[in-house]
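See below for the structure under consideration.
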Amino acid sequence: MAYEVHIDVFDGPFDLLLRLIAAQQVDVYEVRLADIVDAFLTEMRRLGTLDLELATQFLLVAATLVELKCRRLLPGSGEVDLDDDLALFEARDYLLARLVECKTFSAAASVLALLERSAQRSLARRAGPDERFDRCAPDLLAGVTPEQLAAVAERAFAARPLEPSYVPYPSGEDVSVHATIEELVSSLPGRGRVSFRVLTAGAASPAHVVACFLALLELYKQSLVDLEQSETFGELTVVWSARGPVEPADVVSDAYDAAELEAASAGMAGRRVVPRAGSGRATPVGATVPQRTPGPTDAGGAR
Amino acid sequence: MNSLSPDLRGDAAAIEAVLIVATEPVATSLLAELLEVSGERVEHVCASLSASYEEEERGFELARVAGGYRFQSHPAYRGHVERFVVDDAPQRLSPAALETLAIVAYKQPISRAQVAAIRGVNADGVIRVLQSRGYVEPVGRDGGPGQAVLFGTTQLFLERLGIDSTGDLPPLGQFVPDVSTVEALEHVLRTGPVPTADAEE
Amino acid sequence: MNSLSPDLRGDAAAIEAVLIVATEPVATSLLAELLEVSGERVEHVCASLSASYEEEERGFELARVAGGYRFQSHPAYRGHVERFVVDDAPQRLSPAALETLAIVAYKQPISRAQVAAIRGVNADGVIRVLQSRGYVEPVGRDGGPGQAVLFGTTQLFLERLGIDSTGDLPPLGQFVPDVSTVEALEHVLRTGPVPTADAEE
């Protein structure tokens, strides 16, 4: 069952519209996405129930249209060409793999739910030893004074420190540029020439590669490394070029908030990209600012 | 249930199920209510069950204590249980347990949810440990819709700490927000700022 | 212990005594140490004991959970137990939480980013919830540049699901959609909706 759209430039199945646009038979420029979405929502409301299959298909096609339209609207991007078309198909293969994985785990989740439900039909015994054994149980409060208890209570009741504001990468992974800089500062010297590919060979996710790249740019800016690249998209070579020993803290405090660095090196705020408050540093394209707690670091930060 | 007469088996099994999950002796009247039988019937079934465990040389027994019934280990296996209690018991309270105990001591009566709101993490497991150690106990129920169990500290807690009453605990030096303030704060932390007159400025 | 063979009775009773005072599953190795017998012996006795309770239609059962043994109420008496225990039921997990839990359970150790890659959405919030409920915990760090925290499931997770180890979960392969489903998905992605059988004819 396909969802049909009725707009000025096209009348028919929604996914056909996508294919016509890809084949350049309809100009995506002429397609008003807002109208399509409005019409779809109206239709959904009319039906009263959510057809998940239909909604998912709609989302997929609509998202692809948004992407195509963005490319068309952004200055410098040319016509939708064959490469983009291929990329679209690659994206779909990726999407397929993801869908299969998703289906697999949602089926597994339903089995966990079944196990949980059946386990809940029984309740475990939690009574513990009765009073006859009180004297064998060691006195767990031995050595604890009322004053210590009061101190613990004060700590517990004290306002919890607010989370530092942060901007996660779109991948959802929080990756610390600080930590990466620190790591590079300690590992690069004496290593000679090393390619970016080698540096990021063990990266857990694309976000880690990006963090490594940002860290290198920071080091480059401070003339601590030289970067060489003989051709566009060619191998990027990194050489440590600093004279004399360098402390990680010296490097990082220039670009990032020193307090955050301390927190990060103490392992508390690890793996986060923390733009220095008030630096006016632009957030990465596509990054979203999550709902977060108001804090002092917000004063001049993200807007 | 071989050694029990057939007409008792169904009720006996239901009593076993309830007593196995109970953490305190269960009153005859409550068992009667749960099983929808008379108190005499409960006493009769429990007496038979208790005798059958004895006869079958079980490691546990059904004991009548404080007006109710409970499962407990058989005195014959006291050595094993003692070794288990000594070996298995953690030797000190964990920091989480100590923090929870401090919260209960100063804020009693307090529900699990309120403790969790102050600590920022679920406190059920820790409260269970403290309860099994006899440092905290249920002291009542909240009047609200969920009728949450409220906890307070025990006589044992006072004894171990060497004080006569919770009034002897040192006063906290700073302003301590009450539970509802902490919950409101928690809510704000999770969901973003609540617009107030102050915030508008 | 009528339905148990005489050579098992002594050890069985000692195990009963220990388990009746335990607040969490007792590991086979600890029971073996307490009884001064082998682990195999403990497993053999427990299996026989468990079977005898079932046969005797007891209200409790001896369950093997999270690498140990525990007493729990028999599912048949769930109604009685639920009426008795009012507030102890832990909250149900949301579908998102269950799916994330499934991913962690099958793919552990796994980082937040890897979970997010599978789920297609940020998983930080859900993982935090699972962590605060005690179902997942950090188990190590990734070797890569970012040193991502890796998560695994906990003992409590096993207890909650009533299973002995994650090895008891059904193999993941059995949840992979079958070929025709995959083909249908692929077809939808490439060309739009699948023509139904009726439409073909």
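Going in written order, the chains are labelled A, B and C, and every chain counts its residues from 1.
Following the convention adopted for this analysis, a contact is a pair of C-beta atoms (placed from the backbone, for glycine too) under 8 Å apart; a residue touches a chain by one contact, two chains touch by 3 or more.
This is a predicted model, so every value here is computed, not measured.
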Which chain has its C-alpha centroid farthest away from the centroid of chain B?
A
If you average the C-alpha positions per chain, which one ends up nearest the average over all of them?
C
Approximate Å spacing (C-alpha centroids) for the pair chain A, chain B:
42
Between chain B and chain C, what's the gap in Å when you average each chain's C-alpha atoms?
25
Indicate the whole-number Å distance between the mean C-alpha point of chain A and the mean C-alpha point of chain C.
29
Indicate the residues of chain B shared as contacts by at least two other chains.
20-22, 71-73, 81, 85, 128, 132
Identify all positions of chain A at which a residue touches two or more other chains, and write them in rising order.
123-130, 133
Taking the touch rule as given, give the residues of chain A at its contact with chain C in the complex, in rising order.
1-2, 13, 15-16, 19, 57, 60, 89, 92, 95-96, 98-113, 115-116, 118-130, 133, 168, 171-176, 179-180, 183, 199-200, 202-205, 207-208, 211-212, 270-271
For the complex, which residues does chain A have touching chain B?
123-134, 136-142, 144-147, 149-150, 152-160, 162, 291-294
Quick one: in the complex, what on chain B touches chain A?
20-24, 70-73, 78, 81-82, 85-86, 89-93, 97-99, 101-103, 105-106, 118-120, 128, 132-135, 156-157, 160-163, 168-174, 176-177, 182, 185, 188-189, 191-193
Along chain B, where are the residues that touch chain C in the complex?
1-3, 9, 12-18, 20-22, 26, 30, 34-35, 56-60, 71-74, 76-77, 80-81, 83-85, 87-88, 121-122, 124-125, 128-129, 132, 146-149
